[in-house]
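Okay, got some structures for you below.
Common to both upcoming complexes is chain A, partnered first by chain B, then by chain C.
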Partner chain A sequence: MEIRRFILKRLIEICIIFFVILTVLFLLFHLSPGDPVTKMVDPTMTPEDAEHLIDQLGLNQPLWLQYIYYLKNFFSGNFGTSFHYGEPVFAVILNRLPNTIVLFTTAIILSAFVGIFFGKIASWHKGKQTDTWITLGALICHTIFLPWLALLMIWVFAFKVGWFPLNGMISPEVWTNPSAGLWHKLLDVIHHMILPLATLFCIHFGSYLLIMRSSMLDTLKEDYILTARAKGLDEKVIRNRHAAPNAALPVVTSVGLSLAFSINGGALTETVFSWPGIGRELVFAVSNNDYPLAMASFLLIAIVVLLANLVVDVLYAYLDPRIRY
Partner chain B sequence: MTLLAVDNLCVGYRTRKGFIEAVEGVSFVLKRGRSLGFVGESGSGKTTVGMALMRLLPDNASIRQGSIIFEGQELLAMPAAQLRQIRWKKIAMIFQAAMNALNPIHRVNDQIAEAILTHDPLATKASAMQQVEDLFSLVDLPADRMRDYPHQYSGGMKQRAVIAMALACHPALIIADEPTTALDVIVQDQILSAVKKVQKQMNISLIFISHDIAVVADVCDDIGVMYAGQLVEYGRRDEVFEAPVHPYTKALLASYLTLDGAAAQPMPFTGATPNLIDPPPGCRFCDRCPLSDAACSLDVPEYAEITPTHKALCFHCK
Partner chain C sequence: MVTNKSMQLFNGSGRLYKRYPMIGRFLENWSVFNESLIGRIGLVLLAVFALMALFSFFTPMIDPMYHPMTGVDPQISNSTGPSWRHWLGTDFIGRDILCQLLAGARIAFMVGISAAFMSIVLGTIIGMIAGYAGHIVDTLLMRLADMIMVMPTLLVVLILSSLFGQLNIWTIVLLIALFRWPGVSRVIRAQTLSLKQRPFIEAAKVTGVSHFRIIFRHIMPNVLPLSLLYMTFRVTSAIIIEAALAFLGFGDPGTVSWGMMLQWVWKTGHMFQAPYWLLPPGICISLLTLSFYMLGRAMEEVIDPRLREEGEIE
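Moving on to the complex of A and B:
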């Protein structure tokens, strides 16, 4: 019951924050250099035609009126038409978003579980060889430069060895083949996904491991661990039932943040692997002055960040009984 | 019948600054059903003694010599698996900070039942929960709060829950380390009554550690006074409380303000405890002692027997 009221409260907050973001974004785009019309206007157009287009787009209207239109369009789900694709922005985003979600959610969840597991092991063997090697590996993974790792992955595993495709998400010959079943298509996507997934896994897993390790070391100093030991519990029970669930809480925060920033943070990975996701689309839209698409992508980032924070808060309340809002 | 015999226990801690001789030559005997209180200031080694009995000392501690015989078995030579059988089933503990002694993410009844289920192979989840309920009524906790999390309890309730947990496996010995320090005097009194009640009722031996000599005198049959890692005076409650012989015990009692005592001014005593990394060669109290002479700072005193049950570590107490 309490938690439901908390979620409701947070949702209202989110709406207010989102409205502010919406407004800031509107102003930001109006302040940005470059005229959207010049991008759309054909050089062969006469000034009258250009004028007509500006009029049609409402760009000669007062700012407040444009703002009203902007809000009205947003709430009626009309994000405009992408300059580049000539399709509704909404459709473009809907097309790209699942690709990003599949890649990043898988990578982050997987690396969180592996990171928590090995972080737990490392802290348990603190100062011993096991700990040294695990921590060293995590540090290397954590500090490695992502685009470099991505390129290295492609060079070694796709180019030299040829185990995986160079880029993209699907092979056209599989997907256009009418006889290919769903299973076949799924395998094709997984095949394409392995390299970007491995890259993202490497980057995230290191930081989760290090967070888990240090959090676990703090937890092991707690009095209730001494109590558990005094109770004559098995060391494994102490580690897994008494220490690890407490120590994993900071990792949850970190996972939430990674998920929240996977759209913009993923731009690099998606670009290097030509993964048809929303991050790559955002970079493309910004560098090509595709305003409607860029604006919608920014709004999407805002929504995802806000929602991811909400999810983390709720998850926290579930994992830690002390947290009640 | 002797339950626990500790002989010449010496424990030290390795630190960056050097080896701290935290406990030096502590010996005592505890009979079944009796209670023994250790009193002393911070750093006097009383908690270290308690932890050594459970073999729960931190990693940088080492037991240099001595023996701890519990029910005829040498605890210091016991392998880890066998030790786990002794812990909580035979020797349970009430910790210094009950606030933090319970795991915040598990329900109180689960944490108590866990002890029962670990040590009683015949216990089922249901029977363990029934026992938890009985334990709750024993320490005057409402049974409908069993399923709460620790943070939902007040300080006094947590302390009662910790006591209930200590009793869960009907141990032969309970080590209570400052169980009431964080509580206000009224709750402290209630908790002490609860400890005394169950200790007598269940015929459990008790080692009670506190810096508060009045609390120890209230609860315990025997009193050991610790100073700078040594047991400087040890005897029956009345002997130590009414006729102290060691100058430190006297100073400790004189510095204590009593409500019913004559309008005696409490006597603060000056100086500081010696550095235990490199303790002075002679008596560890001699710098602060009004009776000290040349011999005190040179030779280590031996225990002087005042009565068969009363001894003190001093040259001048005969």
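Moving on to the complex of A and C:
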């Protein structure tokens, strides 16, 4: 019951934050140099089409009315037409969203679990060789420059060794082949996904491991661990059942706190690997001055970040019985 | 235990420590810092990069062809591998990669330190005000902080550069600073909240000291070490954001940064043929980030005595 109220409260907060973002973006759009009409309307459009679009977006109205139009259009999913694709922006970005979510969540979940596991091992062998090597590896993963790592991955595993495709998400010859089954297509996507996934995994894995390690070291000093030892419990049971679950909580928090950072990384990874996701679409739109697409992708990313934050909060409350909202 | 020369210096006779408590405290902190291996490695790495940044001022003086941005070798018009003339080779129009690398160090330091400094100043002041004032001011400022914290800085700067056109390096620095203060201000706020309960603040209030003076004379000296610690972490994030921005092609076109070099090697399609060009900028960014991170970790031990017994990464 309480958790439901908490979610509701957070949802209202999210709505307010999002509303502020929406307004700030509108203001920035009108504050920036250049005519809003030329920014929103594709120069290659026919005059009638352009007229229609201007009417629809309310660009010939006074500013306050434009704001109302802007909000109305936003909530009815009308973001204008992309210059580059010539399609409604909404359709374009909705198409890209699942690709991003698949790549992103897989990477985060995988790296959180592996990070927690190795962090546990490292802290257990504190000061020994195992610890040194694991921690050193994590440090390198944590501080390596992401786009460079992505380039290296492509260079080594796609170009030199040739195990994986250079970029993209699907190979057309598989997807246009009518005899290829679903299983075949799925394997093709996974084959393309491994390198970007490995890149994102590396970056997150390092920081989660470091957090888990230091949190575990703190937990091991707690009284209840001493009690468990005094009871003569098996060391493995103490490590895995008593210490690790509690120590893993800060990792969950850090997943939430570093979400903005992860989204940056996601956009970079998608761009380097040409993974057709929303982050790449934003970068692409910005470099092509495709304003409707850029603004809509940014807003969608903002929604995703805010909702993901909520998910992490709820997960945290679920994992830690001490926290009841 | 800490036993080295600097400790003996101020423990022994105690005169130096008495006359200059600042020096004594510095030496004490320094000896703690010096104990940690990662702190020393970080400092050495940092010194190397600082030297690189320093050298970047001299290379164009040797020969104009070594200018990182405009210097083109008259005999070379494409990317070539390392040679005596160009130790790390040249880029696609014959500019020296080593010189670009040195210039990149300068830009990285400039961006990192100035952005971190600004965000720390902003974060510390906002954190202190929020913690000290409490009530509605606190709520408003912290909500603002929460809001900024969830925004992915890189993408925000990206969308701003699409709206306002090509951003120059100082605008980028300013934007990074504007979006990176919330983390700091939260920590500073928590610290201020606990300081507020201490008797010396009460005493100051009773004697009628103004709020302004309490914040800046009584609270600030106590939170400053923490701000300084956060500065090292902010330096890394500022460097990374600037490099990523340049990598995506939205950097300041008038500067040569490591991110820019990576963009050139990537966009001109030399990635697979020119490892001598692909590897150095990435190694430099990663190592500089690593050195600031190590420095921060070692400083953490100096500032937070609880971490001293263990918790250090070796």
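Rule of thumb we're sticking to: the second predicted complex is superposed on the first by the 290 of 325 C-alpha atoms of A that agree within 3 Å, B and C clash if a C-alpha of one lies under 4 Å from a C-alpha of the other, contacts with A are read in each partner's own complex, and residues count from 1 in each chain.
The definition used in the following text is that a contact is a pair of C-beta atoms (placed from the backbone, for glycine too) under 8 Å apart; a residue touches a chain by one contact, two chains touch by 3 or more.
Computed from a predicted structure; not experimentally measured.
Engineer: In the overlaid three-chain picture, which partner chain does A:A50 touch, first (chain B) or second (chain C), both, or neither?
Structural biologist: After superposing on A, A:A50 lies clear of both chain B and chain C.
Engineer: Would you check which partner chain A:I170 touches, where first means chain B only, second means chain C only, and both and neither mean what they say?
Structural biologist: Touch partners of A:I170: none, neither chain B nor chain C.
Engineer: A:P245 contacts which: chain B (first), chain C (second), both, neither?
Structural biologist: First partner only.
Engineer: Any idea whether chain B or chain C touches more of chain A?
Structural biologist: Result: the larger residue contact count on chain A belongs to C.
Engineer: Look at A:L310 in the shared chain and tell me whether it touches chain B only, chain C only, both, or neither; answer first, second, both or neither.
Structural biologist: neither
Engineer: Could you look at A:F159 and tell me whether it touches chain B, chain C, both or neither (first, second, both, neither)?
Structural biologist: A:F159 sits against chain C, while chain B stays out of touch.
Engineer: Which partner chains sit in contact with A:V283 here, chain B, chain C, both or neither? Use first/second/both/neither.
Structural biologist: Second partner only.
Engineer: Name, in rising order, each residue of chain C that touches chain A in their complex.
Structural biologist: Touching chain A from chain C are residues 146-147, 149-155, 158-165, 236-237, 240-241, 243-244, 247-250, 259, 262, 266, 271-272, 275, 278, 281-282, 285-286, 289-290, 293, 310-311, 313-314.
Engineer: Would you pull the chain A residues touching chain C in the complex into a rising list?
Structural biologist: Within the complex, chain A touches chain C at residues 17, 20-21, 25, 28-29, 32-33, 126-127, 132, 135, 139-140, 142-149, 151-152, 154-155, 159, 210, 214, 217, 257, 259-261, 263-264, 267-268, 271-272, 279, 282-283, 285-287, 289, 291, 294-295, 298, 301-302, 305-306, 309.
Engineer: Using the touch definition from the top, list the residues of chain B that touch chain A in their complex.
Structural biologist: Of all residues in chain B, those touching chain A are 54, 56, 83-89, 92-93, 95-97, 100-106, 114-115, 118-119, 149, 151, 165.
Engineer: Where on chain A is chain B touching in the complex?
Structural biologist: Touching chain B from chain A are residues 222-224, 226-234, 241-242, 245-246, 319-322.
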